[in-house]
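I have a structure I would like to understand better, so I am pasting it below and will then ask my questions one at a time.
Chain nomenclature is as follows: A, B, C and D, assigned in order of appearance, with residue numbering initiated at 1 for each chain independently.
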Amino acid sequence: MRLLGLSRKDTRFLLIVIFLTMATPILLQPFPEGSGLATFNAGYPDLMQRFAIFGIFAIGFNILFGLTGYLSFGHAAFLGVGSYTVVWMYKLLDYNVVYGLPLAVAVSAVFAVVIGYVSLRRSGIYFSILTLAFAQMSYNLAYSVLTPLTNGETGLQVYGNDPQVLLGATEANSPHFFGWVMNDNFWEPVIGGWKFTFNNGYYFTAIIAIIAFYVSLRIFRSPFGLMLRAIKTNQTRLNYTGINTRPYTLAAFVISGMYAGLAGGLMAAMDPLAGAERMQWTASGEVVLMTILGGAGTLMGPILGAGFIKYFENIFSKINDSVLHGWFGFLPDGLEDFLIGVSHFFVGKSWHLTLGLLFMLVVVFLPGGLVEGGQRIAAMFRKKSGGKDDAAHQPKPAPHVAE
Amino acid sequence: MSKTNFTRRGLIKTGAATGAGLALPTIFTSGAMGFTNEPTGSTVKLGFNVPQTGPYAEEGLDELRAQELAVEHINGIGDGGMLNTFSSKVLDGTGILGKKVEFVTGDTQTKSDAARASAKSMIEKDGVLMINGGSSSGVAVAVQSLCQDAGIMFMAGLTHSNDTTGKDRKANGFRHFFNAYMSAAALGPVLKNVYGTDRRAYHLTADYTWGWTQQESIQASTEAIGWETVNNVLTPVGAGDFSSYITPVLQSGADVLILNHYGGDMVNSLSQAVQFGLRDAMANGKQFEIVVPLYSELMAAGAGDNIKGVYGSMNWNWQLTDEGTQAFVKSFGEKFGRPPSGSAHTCYVQTILYADAVTRAGAFNPCAVVEALEGFEFDGLGNGPTLYRAEDHQCFKDVLVMKGAENPTTEYDNLEIVEVTPVDQVIYPPNHPMFGGDEASLGECNDGA
Amino acid sequence: MDAIILQILNGLDKGSAYALIALGLTLIFGTLGVVNFAHGALFMIGAFVAVSLQRLFGMSFEQIDETKTDFLGNPLKVNVPYVDSWFGPDVGEWLIDWSVPLAILVAIPVMLLVGFVMERGLIKHFYKRPHADQILVTFGLAIVLQELIKYFFGANPIQTGAPDAFTGSFDFGRLIGFDPNVIIYPYWRLVYFAFAAVVIGAVFSFLRFTTFGMVVRAGMADRETVELLGINIDRRFTIMFGIAAAVAGIAGVMYTPILAPNYHMGMDFLVLSFVVVVVGGMGSLPGAVAAGFLLGILQSFASMNEIKAIVPGIDQVIIYLVAIIILLTRPRGLLGRAGVMED
Amino acid sequence: MGILEVKGVGKRFGGLQALSDVNLSVAEHSVHAIIGPNGAGKSTLLNVFVGKLIPDTGSVMFNGQSVLGRKPHEINQMGISRVFQTPEIFGDLTVMENVMISCFAKRDGAFRLHAFRTVAHEADIVEHAEQVLEDVNMLDKRNMHAASMSRGDKRRLEMAMCLSQDPQLLLLDEPTAGMARADTNNTIALLKEINQKRDITMVIIEHDMHVVFSLADRITVLAQGTPLVEDTPERIKGHPKVKEAYLGESA
């Protein structure tokens, strides 16, 4: 079957992604409520929304970094710009995200054109530092002197005295898409001990994420994408082949900036508050880590990386002593205390440590990122079952060349 | 030992332990239910959202200790702490309305985004009815508005900005901690007594919302006692090295430096000011002085000897001698081997107050709880007679003016209480201009229905 | 005028810290071609060597003082440092007092070791890997290191004072003909500046005047040729990594009296030091030092009220603004070489 | 009037006069070799032709248009392709993709935002690229990683990429450097065929005199940045100046 101009392989790939995305509320709830392992369930709306949103962010970032090799350390700036735009639309018009989201993409595109035009005059680490400098300036200013525009530390939010000129009398008082209220759940079945939450906001972001993924798939397979990959491998040859690389890199930069703006806008669409810290360098660094961790230059990698990091941030940080007692309570006291003591290093307040260790392990043992891990497992199964070569979830393994 | 076996055994056991009291969360406005996360089983869940990573992690951990203690006391474990001295006697150690209290914890990272994510996970995944904790105003305001939208209660932890119960006040949010205005109002008269009325003040202010409200408040109250404000310089958060902001101070003709900083910034700016000889300097024929409007134990410990003789304010300190404080310090000290910090105290008290309000209201519905808390007067929780004002959900109680101790004997008494400023001196009208004026409104209470 | 001189002093002081961190970072960039995101963590570990030594000297046993009570009303336990009881209070107090400078002696071997272990155990496997992988692995390492420090020392800043002899201020103004008490500057900050100058000088002369240094410099310029000459450049690079770690470490040790160390100070310095290195020009040691001082001084000037009054918030962005301007006017920073980390 | 007219080109690097008063005329359809001892300025001159360097003085006209001040990609679009001394190819891409990129550059120009087309569906490009690969006998390697090929294959690939653009002028920088004799002869044959069948003018820099004399119609001898002589191979062989400056030493 071929769909929407995709090859058979890609169609299957897209369908798998659509299936996984749509079934997320079920797949991420593997443990029954109340069981000791329910802590590891991630199928609640906020986290699912975050998976989708940061997936979009990372997919977009990958178009720049994964394809062209230009490592931007300032993409969080666009995330912030997108969020602020959407919240401002709430404040000025009303809570319908239909105004804010397209505008968020447009505004971040404008920012990306300016920052990209300047930064792309340099390459390598000089480019990275230029983008970092722009983003840090945006963050520092948003946090302090631009407070009238950004509400600074508190974060931009809607106040009762905001104009909201389009707000109807019966309209929802929280973000919605023509009445499809993001915070609402349309179905909350309880099956056995399992509880599933089907949330409006999640499906809204999920559909946008699928579209974003489809667009990125098309870009990967397009002549434009081919040129971007060529830029990464040999820019000199490309120039002598008659290609002007600057507009290509700028286009990639702007497209990824728009993805970031969209992700930022969606963050505000799910949660109508935009904090300045989402523009900080750590946030820019986070998307870099997501992309590398998952596998830069691969289609699925950035999404996996985004999920991985967000999962740790939201799930591991919540494991506290009482949860640990719940797990180890059946053991003899001495052993229980010992295990809890050891766990202290890795969960709860120490979740960063686990994340850091996993970064190191992945990069040491899986140079191609999580995607490579997936491929190895798939290869193992293939060997066992002797099945035919399956479609890899990427155009080609991203080769690693020194320098 | 096989790992799978091992976890499965744990699962069965814990499953049995908590299965009976299963409290399934219902999320946000989902129609049929009565209100958000209405507890249906034999337990009720509270969320403790504190910084566990980042610069305020220690404060967060101390808050967690206190919250854990509060839950024990509510569930009838331990010596009962301040429940014994609390003027309201409805809590009997059987949980809240007969339901055993459980809690979940989360990491705010002192970032509004992360804090909201963590709070949302508590609301959506764990089904908490109340969120408590936090160590900065930005986070408090962000989480407070989230709780308002979600229809659960927010009992603020350490948040000192005027905005939390000022322009950003919310019907579902309550603050026990004092604020910048009250700090300033308490400090004013004391500063007048010790440093006189003829002083020229130089402000260094953390360049974000809390810093500004702190500076605005202390400037107003020092000007009210006749001081002149020479300058107010905004410093970047996390500047680390404040030397380039400190060196101009002595040349400016000022004779008092007011540091509107908190946390690591305050530790560094104060230490560096002392390093630059400001405390030894003479200006305008007077001894140069430094004032730190907001103190915390952990900051004081970080600043070490540099705080000696420096005035500031606190919401509460373990060295108070009232019955409630003594009971709390004893029970906290025995469990954790250290006296509680002010942020721990406020979180403990907030948790107790929530449990009490639910019990008095006879319902978990946030709107009923709000009603029970509004205008509630109580005593025995360490600060003397206290009022939860209905108009802005701010607690009004005495404020402590502190001074860095000259000869601390242990690491915990490097601050000493100079004066307990009575509540009358720090109270203000709910529509005070620093608190959003007439426009500020709590809005409607939201139970998520 | 006096205000400007003070800001120059402030800038030199800030610049000293930037320059020292950037120096080590550039050594690692230049010799090994590795983007080391854990370099800030090395600075932080150095600072905690000082904290540990102070704690070690301060380690004490309890004596009960019946005359006082603690917060629970029990008889107060007074802590007596072991060093006091071993060496007598005089020497003991002196050791505690001087623990920060003394920590340098401890920090050098410790940091060399940390550097060697890091290079042999982890970094060397990443020479041929893309920069992105280097970033990920060193960032992971940085997180692990800072979390370990947090686990043992807590998240709060820990005041680690300079020796009493250096706590006062020096009347710098009188030295250059100003009235007394106009330009006074803390002794320790002057010490820090002098210390930075010595370290920078030492590193430069080491690279310039020793055979080892010459080989390393040759290796920085063209690794393959040096290898063809049959020189074991790998071992020298390991040593170089150790030296870079030691420079970062002792910079951290000496900085503790200026900035109370906390577990995330490494991350706070990391971004800034990267900006410094890049503005200085990749692979250029003099560039890194020059950029460190330049940015330090500019940052100090931007913090002046007179400047902030004209451009509000300029002190928040000055470093980044200058970085952008320099990188746009000088493609490879102040003194960078072509082809280093440009792809 | 030649297809490439170089007049009075001079270029200085600091204290070094790399080129001075270079005059050169490359006739259409010819193979023009530039030889000279190391450091004579051959590569500098080539870099001027492709826009990597801008000379201090003089003019370089291609088909009557100046190339000076134009970017490398613009010069390529004018019809000049270049083969490097060390093959410059897209190592991370497949052989087929390498050739397709140059086909795209030829068809779509220096920039085209074809983000929503699919490479595999561009029938004309695919066909053209396959044809070119067949011409250089590499069709069987179409799915190989370019970086994993032998040096000789890389060179052939680079040649194929240039040919796919059907350039008017092909610049070759030591096309047989480091090749075994048999490969060299193959390359000579290939280049001859290209020159004759496809009518592509070539400028070739080469040290190997066997190659030069097998291919060149005219030869310019460059020494210390200045052309010594320009003549036919026959005449160059016996030229005393050339012998003195160049051939004498290496012979």
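Keep this in mind: contacts are C-beta pairs under 8 Å (C-beta built on N, C-alpha and C of every residue); 3 or more make two chains touch, one makes a residue touch a chain.
None of the values given here were measured: they were computed from a predicted structure.
**Student:** If each step moves to a chain the current one touches, what is the fewest number of steps from chain C to chain D?
**Tutor:** 2
**Student:** If you average all the Cα positions, which chain's own average lands nearest?
**Tutor:** Checking distances from each chain centre to the full centroid gives A.
**Student:** Tell me which of A-B and A-D has more C-beta pairs in contact.
**Tutor:** If we tally the contacting C-beta pairs, A-B comes out ahead.
**Student:** Greatest Cα-centroid separation from chain C: which chain?
**Tutor:** Ranked by distance of C-alpha centres from chain C, the top chain is D.
**Student:** In angstrom, rounded to a whole number, how far apart do the mean CA points of chain B and chain D lie?
**Tutor:** About 74 Å separates the centre of chain B from that of chain D.
**Student:** For chain A and chain B, let me know how many angstrom lie between their CA-based centres, rounded off.
**Tutor:** From the centre of chain A to the centre of chain B is 33 Å.
**Student:** Between chain A and chain D, tell me the centre distance in angstrom, where each centre is the average of that chain's C-alpha atoms.
**Tutor:** The answer is 46 Å.
**Student:** Could you tell me the distance, in whole angstrom, between the mean C-alpha positions of chain A and chain C?
**Tutor:** Centre-to-centre distance between chain A and chain C: 34 Å.
**Student:** Mind pulling the residue numbers of chain B that touch at least two other chains?
**Tutor:** 53, 57, 207, 234, 236
**Student:** For chain C, give me the residues that contact two or more of the other chains.
**Tutor:** In chain C, the residues touching two or more other chains are 150, 313, 316.
**Student:** Quick check on chain A: which residues sit in contact with 2+ other chains?
**Tutor:** 140, 144-145, 352, 401
**Student:** If we use the touch criterion from the header, which chain pairs count as touching?
**Tutor:** Result of the pairwise touch check is A-B, A-C, A-D, B-C.
**Student:** Could you please specify the touching residues of chain C with respect to chain A in the complex?
**Tutor:** Those in contact with chain A are residues 33, 35, 122, 125, 127-133, 135-137, 139-144, 146-148, 150-151, 271, 274-275, 278-279, 282, 312-313, 316-317, 319-321, 323-324, 327-328, 331-333, 341-343.
**Student:** Any idea which chain C residues touch chain B in the complex?
**Tutor:** Touch residues, chain C against chain B: 2-3, 6-7, 9-11, 13-14, 17, 68, 70-72, 76, 78, 150, 154-159, 161, 167-169, 181-182, 184-186, 188-189, 257-260, 262, 264-265, 268, 299-301, 303-305, 308, 313, 315-316.
**Student:** Which residues of chain B touch chain A in the complex?
**Tutor:** So the residues of chain B touching chain A come out as 7, 9-11, 13-15, 17-19, 22, 24, 26-30, 52-53, 57, 60-61, 64, 102-107, 111-114, 116-118, 120-121, 124-125, 136-138, 141-142, 145-146, 149-150, 163, 167-168, 207-210, 234, 236-237, 439, 441, 443.
**Student:** What does chain B use to touch chain C in their complex?
**Tutor:** Its residues touching chain C are 53-58, 207, 231, 233-236, 238, 240-241, 243-245, 247-248, 251, 264, 267-268, 271-272, 275-277, 281, 298, 301-306, 318-319, 329-330, 333-334, 339, 409-410, 412-413.
**Student:** Using the touch definition from the top, list the residues of chain D that touch chain A in their complex.
**Tutor:** Answer in residue numbers: 50, 71-74, 76-77, 81-82, 84, 88-94, 97, 100-102, 104-106, 108-122, 125, 145, 147, 161, 165.
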